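Shared between the two complexes below is subunit A, which has subunit B as its partner in the first and subunit C in the second.
And now, the complex of A and B:
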């Protein structure tokens, strides 16, 4: 009797098979197959209801070899087949030139290329900017190097996408990332970013729009999917910012999720519903006089940073010159380097 | 008449701080570095620290006091919160924030009284002040002796704040049920116990408390309700509302004025940090009261400890949060309605100063959640016809905002029906009102085609 009840308690709530997991998003008990199905179906619904793609488009998947982009590549390739989107998919990777980290993760992407049958393009910082991250860190030290990496990666992805002649670029930003960005933008007072960080497609006025099919997908479910599908991904932290993943905001979101799984979606919903005053100052979008990339300043951030590097003034363009900000950074440093944000590596600016 | 000459010695509050204002308020960098413990404002006394915020350690005790009061007074005058003919009800919980709110309203009243006594033509009357304390012992487990002590404490504080005399209303929370029904307490407990989510229960209690405050204010003829919400409290609210998916209605709750209620609610301490308020209580030896309640793990609790952590890490974090949320478009009811009544003396009307009201950009919203009274966004406004054959409880459920639906209302329809019958009349009538309002709007549109004025025949 007892055993029977126990088994009954572990039934999949969709097919009545044996449940293997509790879904983080809804706390439903599901079997593996049903989980795969609802996971993929949800992403399909997001793609269809938001009209992310049109038939015949060339789409690049920003692939780092990490769990998010690996699952994204796998799921997109699968959905493209089963639902006949008619998309031409490509993998696009950026080689920052970090020995012992990116070279290993790029191997994962190379394997994925074969496993999923998707053509791969790798653009490297060395080719684009003449510097690898190893060289940059050797020049400026381990502090602030995420600024360079983030700014350069953003542009590198766009340039790689242009080389592939794709119509769209998709990234693996998940619901947790977006919820965190909403909170961070409130905490930092960044009203301009707050107004656009929840849109599923950004840069539609630019040459290559970016979209985030995982906007409503929980990080934990992505890990679960990768785990049960035994997907091949790379999960080491960047050697230059090993603690970048431990920020106040991230921990806060994890705590919230424990109390109320729906909170992550609710934060995104709030972000979508914020009505932002039109008189709030918005930076004007222009183009960089030097490289032609979109920029709100005379030169784009990458050009400013690169110029500093090449002139031997690597601190140029990092942070602000006010003493106060330096002081608060120092304080953070003393607190064990803990900051409010988690992913410093450029994933935050959408 | 207000004294506007500098020679007037009547003690009207405009003059009092003038001498201090002559010193430049902004210190130069070298000053603060070289003699860090001299007040940057008066440059005479030693500065005090420990009051947090961006100004921590910059002012001496006196300048700190006048700076904090200045923030309060600026909020009051620039938003026309209190006019001479008003009757103001201060919600007093015994905690530091509402203690300071009460003290400051009293100071303001005292000054107004002095002005009144000194002015010959007596054209500006002194606004009236009352105090309300809500006794929540019916719903929160508090030892009975403690509540009696609390009531004793509150009345001693209020009686010390005279003259002018302030009326004190000590009201049990179950007052939201009409006075002739004796089962108010039971019904209130029933609806609170029907809420399974601890955060939802907390939020429902907040809504009910507001109803009780509104009822007292309305019964005794007050026309303003003063709450002691400080910037720290509002910053936490910004984050927790975001977390609960209330991004649309959030701007309604965090402005200086919230006139969506029958009696407009004002937040004059919106620019003061909790630490500053605690400091002032310490400096002036103001006693406060903390009822012993058991801590519970709710979203609200988690958020406020998160915000506190951030504030410790960066002393301007709370104000950044509130400033960011302040850039969201407020609603039309977020200002004190202009006095159009011709009976109000001209001098009073002229007093209604407004500095920062941008009415052209606010949003008008006609539909509110009957439970929490937050404005509903388009996707939340329901079409009555979809629920025509449903029960009243079902209709009520559908009329609520999605946040209340998720964290407060029971999902099971029989429990929902019971929940609905136990709700106080003031909430029930809100949902009916909304419905009637929709009907009459529809009726207006087809008015010219109707043959009879009678509702029944058409």
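And now, the complex of A and C:
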């Protein structure tokens, strides 16, 4: 009984009920119900104080079936109701065509559609590009496949969002993801991405702005929330993802977080406060001559990759020296236009 | 000691894709109780069939793996020093997979 008290005697610092977890952000110990309330309230505050949405907007939630997007869909649907945001919410999923991975996770999204009462749209690589990831990997092997997948996914989400005629796209990127991306962009010297990867809203100049309501939400809390609420999510690593470089950064962040949980928010703050030297040239945004998508090059990255695939030269567009399109190339080569080589997985590509 | 162990968030893949394991863990000779530290080394030896580095780092769980004892965050009960009792439920959830 002595032990029983020792194990269960911790009390919620808000209501004196039995504490269920320690929040990494504040080190507060909270019971389940107080945690739910605090978790949802904080996200509501982030939404309100950053003016993420306007009444009447159509908003697509990028839904992979994983923990973050599942919790995001659940919480947004709940907040939209309780705080009467007046939003029209949709689930938007991308089917990359990865047998044994995405087909299973899409089943989760189909269940979420019913559970949360949100309409679902699925766009597939096969329909958009004529290739599934399985077919791409069969052609190019497992070396650079994450480059293709990342570039294609980003565009696929935008195209899906356009089909749904939404005003905004929200993604489930959490504080740990963003800290990891800050670190990766520093490691890569990717100044353009470093300066925008901490923005809660991006692409406001483009057709469909994206935002990240979980920017300040710890991964631990998202998983605890999903666990305590018994939310239905899918958690299997992509069968093609080696994820080595990002994996190291991730592990490093997690190690820091164990020693000092605030480290995650501090890294995000460091990212936010970087001043980009005015002499650093930033890539100019234009549109792809081939498909009209935003691009700083003559052709967008997806078109370059697709062209390579279709011509049987899948190495085109991978790495630094492309040599296909020539024009307008070197200005970007000089100022850090080495955009995606060595990106292991595009899921978190802001 | 009869315990129920649950693996989630992808960790089940390391132990025959089975999420719930009802196990009987003996208290080591000379010890009077079973702690989480003992349980982790038992799990590593007896349940984890592949890639143990996805589950453990050093003598504890890998950072990013959440542990709950009777639905309570083990950070509140002393982590490795948490002592276990008959019919306790221990849950391990990886936060490291996809989003």
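A few notes on this one:
By our rule, the second predicted complex is superposed on the first by the 312 of 350 C-alpha atoms of A that agree within 3 Å, B and C clash if a C-alpha of one lies under 4 Å from a C-alpha of the other, contacts with A are read in each partner's own complex, and residues count from 1 in each chain.
To be clear about the criterion, a contact is a pair of C-beta atoms (placed from the backbone, for glycine too) under 8 Å apart; a residue touches a chain by one contact, two chains touch by 3 or more.
Predicted model only: the values in this text are computed from it and were never measured.
When both complexes are overlaid on chain A, the residue A:172 reaches subunit C alone and has no touch with subunit B. Of the two partner chains placed by superposition, only subunit C is touched by A:237; subunit B is not. In the superposed model, A:122 lies in contact with neither subunit B nor subunit C. When the shared chain is aligned, subunit C comes close enough to touch A:257, but subunit B does not. Judged by the touch definition given at the top, the superposed model places A:191 against subunit B, while subunit C stays out of reach.
In the overlay built on the shared chain, the residue A:69 is in contact with subunit C alone; subunit B does not reach it. After overlaying the two complexes on the shared chain, residue contacts for A:294 are found with neither subunit B nor subunit C. Of the two partner chains placed by superposition, only subunit C is touched by A:220; subunit B is not.
After overlaying the two complexes on the shared chain, residue contacts for A:18 are found with subunit C alone; subunit B is out of touch. Residues 255 of subunit A touch subunit B in one complex and subunit C in the other.
Across the interface of their complex, subunit A is touched by residues 197, 199, 238-239, 241-248, 250-251, 297-299, 302, 306, 309-310, 313-314, 317, 320-321, 323-325, 327-329, 358, 361, 363, 377, 403, 406 of subunit B.
Across the complex, subunit A is touched by residues 8-10, 13, 33, 62-64, 66, 68-73, 75-78, 82-83, 85, 91, 93-99 of subunit C. Interface of subunit A with subunit C (complex): residues 3-4, 6-8, 10, 18-22, 29, 64, 66-69, 105, 172-174, 176-177, 219-220, 222-224, 227-228, 234-238, 250-251, 254-255, 257-258, 347-348.
Remark: subunit A residues 182-183, 185-191, 194, 248, 252, 255-256, 259-260, 262-263, 265-267, 269-280, 328, 331-332, 335, 340 touch subunit B in the complex.
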